[in-house]
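This is the structure I want to talk about, given as structure tokens.
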Amino acid sequence: MKLGYYPGCSLKGSAREFDESILALAGRLDLHLEEVPDWNCCGSTAAHNLNHLLSLALPARVLALAERANLNEILVPCSACYNRLATAAYELGQDDALRAEVSGIIDMEYKGTAKVLNIIEALNKVFAEAGEIKIAKPFNHKVACYYGCLMVRPPKVVKFDRPEEPESMDELIKKIGGEPVTWAFKTECCGAGLSVSRTDLVCKLSGKIIENAVKAGADALVVACPMCHANLDMRRPDIEKFMGKKYPIPALYITQAIGLALGLDEKELGLHRHLVPVILPERAQPAGPEKAAQEKPAAGAEE
Amino acid sequence: MSRIGVFICHCGENIAGTVDPAKVAETAAKMPGVVYAVDYKYMCSDPGQNLIKDAIKEKKLTGVVVAACSPRMHEPTFRAASAEAGLNPFLCEMANIREHCSWVHEKTDATTEKAIELVRIMVEKVKRNRPLYPIKVPVTKTALVLGAGVAGIQAALDIANAGHKVALVEREPSIGGHMAQLSETFPTLDCSQCILTPRMVEVARHPNITLYTYSELESVEGFIGNFKVKIRKKARGIDETLCTGCGICSQKCPRKKIPSEFEAGLGLRPAIYVPFPQAVPNKPVIDRKNCTYYLKGKCRVCEKFCEKKAIRFDQKDEIIELDVGAIVAATGYDIKGTDFFPEYGYGKYPDVITGLQFERLASASGPTLGAIKRPSDGKEPETIVFIACAGSRDPAKGIPYCSKICCMYTAKHAMLYKHKVHRGKAYVFYMDIRAGGKMYEEFVRRAIEEDGVVYIRGRVSRIYEEDGKLVVKGADTLLGGEPIEIKADMVVLATAMVANKDAEELAQKLRVSYDPYHFLSEAHPKLRPVETNTAGIFVAGAVQAPKDIPEAVAQASAAAAKVAALFSSSELSREPVIAVVNRLPPPEYSTCTGCFLCEKACPYQAIEREEIRDKKGNLIKTVARINPGLCQGCGTCVALCRVKAIDLEGFTNEQVFAEVCSLG
Amino acid sequence: MEELRKKARELLETGAVKVVIGYGKGSGQNARAVFVRKAEYADKLICDESCVQNLAVYLTKPEVKALGKPAIVAKLPVLRTILQLAAENQIAEGDLVVLGVSPDGKIIDLQNFKAIEDYVAQFPFELTPEQKAEIEKIGKMSLEERWQYWQEQFGRCLKCYACRAACPLCYCSRCLVECNQPQWVPAAPHAIGNLEWHIVRAMHLAGRCTNCGDCERACPVGIQLSLLNLKLAEEVLKNFKTRAGASSKAEYALGNWKEEDKENFIK
Amino acid sequence: MSEFEPKIVAFVCNWCTYAGADLTGTSRIKYAPNVRMIRLPCTGRIDFMLLLKAFDQGADGIIVSGCHPGDCHYTAGNFHARRRWIIFRSALEFLGIDTRRVHFAWVSAAEGAKWAEFVNSVTDEIKKLGPYETYKKAVGAGIE
């Protein structure tokens, strides 16, 4: 399957391992990713706080470029980028005049044909296409799936999963033999917007998230957003200081978790880049598949 | 030769502000057939009406056109005026130059021009109007009341006490509705059942009231004064004439673990059950979805123990046909469940409950006998958070309206809790406190000042479970939006009041209109609050909009008064705007060809077949005939008739044709 | 042919019917309608491909009714028309004897409406490829061309109402065009008068026309009348899934409705 | 020569659209003054002939409007009307009559704003199309 690919700045910088793990998966799951030529910043977060038109024009340009390259579906892994692109597509889809105006600004016609996919949507597509996925090493761990705030909100724009208590990532985890835990902070704010200016708030917010995940008995946090990951991983020392407590629980990208289950090499997946070492306690009965089987017959296909 | 008078109203500045009435009058005066045209400040005022009356007499008018507001507003006024001056009221028509002209267009010549044309249209029409005379139809002096909650009960009693027969239909096994489920009522804190049950008994005893419980409306035909309704009496599975309500069947029933509807799921009931001890009638029903016999084909334990041998497993639903003259819809409301709230856990936390469930907890007859215990582990909650406006006033949730009762009952709940658990902490999250009502504000103050309930102005963004507590995250918007977290043992959501699931279906059966939220629409929001736009059908209680008990009861009595007025004479006169099939001298008799393609098209089955015979009684031809009692005047048959044998009084082909031609 | 004459003879001899409506030799190659009232004239009846007229038109004419119970020679379109007339309460079971004629000229015994329904059911009411093509051609024209096309067609109309006289479903005792209070359709044969007359007729036949084509055959100036009727028959089928003349109890497409009726033009 | 002001005739039902238009008035929402409303009890009453007559009288556009499906005051009049218009419209289409000039809408008694919007959009479209010359010519041709 072929998808357009918009990595955005994070995946080329602080979240390189997200990019690497995606490309690694793509290699394994015959997913052909074609990077949007000459892509630019999505405008998050600064633009839409300052200039509405700019906040539409930036993503619109990316979308228009994709359309030119005949990419009608674009994978946008970073939740912030995803949210901006989706929002632009939504707003311009509502208002032809505005679309014309923005097309003028980027002096390229934006038709609105390109569809934006977040990483979960894309993975679901790939899995659906592949039908049977060879699970080399069931990801047999208790996992707290952390969606973050941007992937599911605002519902009328992204139209993806349940805005308050999403389930799609949990379903993926089951597919690879993991056990998602029920917990309360799936979509709570991690403080990304204030990561630099008010690190103390990040510590408080992200701290609670980690705390709740641990309480729910998770061995790992699985995320789908570079911002979230930065806060949960990179800021861990500050968080631990703030909370006065050590948290060994690692934070992985969903793509890395899947990569491990498919038996990809840790280096390929960029696990070594995390500050919190990815050490996952071996669990007694390697019951991934069966467990999954009970929960979701479809997943029985994994043997 | 017609002599038409045209009367142009200024409606103060409302019309004169944008339309030039003098010009309209002047032009109208020149229209063929018009012998008199005049403009005046307020036609609907007494002097205005006198102007018309005098003109009718002096100028010997054969038709009147009043160019003013919408006929939906003042047509009755001016037709009455015409009648007083001796002109058949149906020779008076209105041109709507306010709602359809002066109010919606700018002050330009085009607007005045339009007003003139609107007048011309009506002049051309009225020239062809015929005198019409009201149709008298008999009235069946029996009322059908749908729903036996407090509103239905009140309406039924009032109508019955006025000396008319009432059929009271309730879908549940017992009457009483939501009010029977409530613990105490605000603002007096008197016990709900204590004040309701005597009324329930009165209903059961009343000689004029026939009670149909566990029954539902099947269909409605006919029209005001002459409705034919079918009622489905669902099979109770017992012979009510034999059953003494001893209750042995329920005691012996082996299936006892069925969540009780009456207890809002907090209590259990057997498969053969009476919803609650004071039920009226006090006769059980067999819940076939859960009865072992219907599921597995054996059991019949109740049958063995019933001394009266009243159990009837083979009982079938029964269709009862009634003739009624009026219908009162009082089918009440429903509330949103906790599962409606993703941010509050999609109903997965047992200790997050609805206000109605709290009523059961607080009720002396409830599952906990009035002790406040949390559903999960039966512990007495030390901290309860009450959330007002759960769903209500939230466009994002599709419920932009205010449910009206939540502010009050939430205050009541907090109060009841504090009375029962003195050291307990009660918090209320609210948007605004809407306590408009006699003694209401005082009641809320009491909760805050005397019972120390903590009111926090703010919304709750999320509830989650941590360490066996429910963590309630919100913000206090009065204290600079400080985020707050309260660790609660129980959370009570004042969930939104919504229309019943099948409210839309009911509305369509009754042919009354309903609003976007499926509450039935009243005929006029201010002036006709208990009537619907279908004559003879009235609304009472929360079926029309969220209401508290006193309002529901008041509306019920109002509806009853309307019904009583309708029943005050044995005949009512209806607008003669109905279809007629032409009759001609022999040999044609009628241009109707008797194809009867109109028969099926009539929504009211008003088209009959009439056989025309000669003196010897030989059939000459069969032609259509319209039953004036059934015809509602929609005119569908008229448009359908190829030979134009059918015409619609008040909107005849000639009239409408002339209206169109007047535009040329 | 002989078989038919024999049957007719019997019917008249036994007095089962008072008149047999059938085809007889007309001028030139044409057949014309004959009304056989005496057994000895039964051999005036013919039945070949020249017999195309829809005889059902006579069933509703007072003059013919006056003759007494008829038997009628009925090919396919006639059979459909009989069912449609029955559905419109113009004829009733037992009012007439139907001498069905199969496409290969055999006499089929059709005792009652049910039998007719079952018989016609074997022959789907379908447009000929030519008719389909014609309709498509017009559909493809530009708005202006279509207008011109029909203006030219209707321009020829003399308002002689031969189409109406020939149509078995135009049985109204007083047609709309004779209605002058109000004068719905201008009497004069001018552009609008003609246009409106043909629209009215098409609308009145929509969902009723059984596609016998007699209106077009009757038209002295050769207006392609049946195209319009067929177009609407197709629309009725497409939108409401019904064909006229299928059953004696058929429901009139335009006198009925379904909640799920689809349209794409009402805002 | 001033801008072309089309003549638009609206056939509306009494219970929904007429009342809706009243609401437009009571809410003082402005719209184009080109429309002349003819009030009938129900869309079911609207004879297709009336639309032709409107064109005869020089209408450049026609509006037909009534209750939303399911909301008919007479339960089904609008359903009958809907079938009638489906067929009538295709007849007009087929005969080369400009159906861009014939507009249908469900407007409830609560949709005062929708009515204004609808009338304006129709008026604009008819203005774009200009006067219905072809038909007017044909009408003219009648009078010797």
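Per-chain numbering from 1; labels A, B, C and D assigned in written order.
Just so we're on the same page, a residue touches a chain if its C-beta (ideal position, glycine included) is under 8 Å from a C-beta of that chain, and two chains touch if they have at least 3 such contacts.
Values in this document were obtained by computation on a predicted structure and should not be read as measured data.
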Request  = Pick out whichever of the two, B-D or B-C, is joined by more C-beta pairs in contact.
outcome  = B-D
Query = So what's the Cα centroid distance for chain A and chain D, whole Å?
reply = 52
Request  = Between chain A and chain C, tell me the centre distance in angstrom, where each centre is the average of that chain's C-alpha atoms.
outcome  = 69
Ask   = Counting in whole Å, what is the centre-to-centre distance of chain B and chain D, each centre being its mean C-alpha position?
value = 32
Key: Touching two or more other chains - residues of chain D   = 48, 53, 56, 70, 76, 80, 84
Inquiry  = Give me the residue numbers in chain B that touch at least two other chains, ranges are fine.
reply    = 601, 640, 653, 657
Message = Going by the contact rule already set, what residues in chain C reach two or more other chains?
response = 184, 254-256
Request  = Write out all the pairs of touching chains, ordered by chain label.
outcome  = A-B, B-C, B-D, C-D
Message = Which residues of chain D touch chain B once you look at their complex with the stated criterion?
response = 5, 7, 9, 14-15, 18-19, 21-22, 24-26, 28-31, 33-34, 36-42, 44-48, 50, 53-54, 56-59, 70-77, 80-81, 84, 109-110, 116
Partner chain D, residues of chain B touching it in the complex = 70-73, 96, 98-101, 103-106, 108, 110-111, 113-114, 117-118, 121, 508, 511, 513, 515-516, 533-534, 577, 601, 603-604, 632-636, 638-640, 648, 651, 653, 656-657, 659-661, 663-664
Note = Within their complex, chain D touches chain C through residues 48-49, 52-53, 56, 69-70, 76, 79-80, 82-92, 94-99, 103-106, 118, 134, 138-139, 141-144
Remark   = In their shared complex, chain D is touched by residues of chain C numbered 138-139, 141, 143-151, 184, 186, 188, 190-193, 195-196, 198-200, 202-203, 206-207, 228, 231-232, 235-236, 239-240, 253-259, 261, 263, 265-267
Request  = Using the touch rule from the top, collect the residues of chain B that touch chain C in their complex.
outcome  = 588, 591, 593-598, 600-601, 622, 640, 642-644, 653-654, 657-658
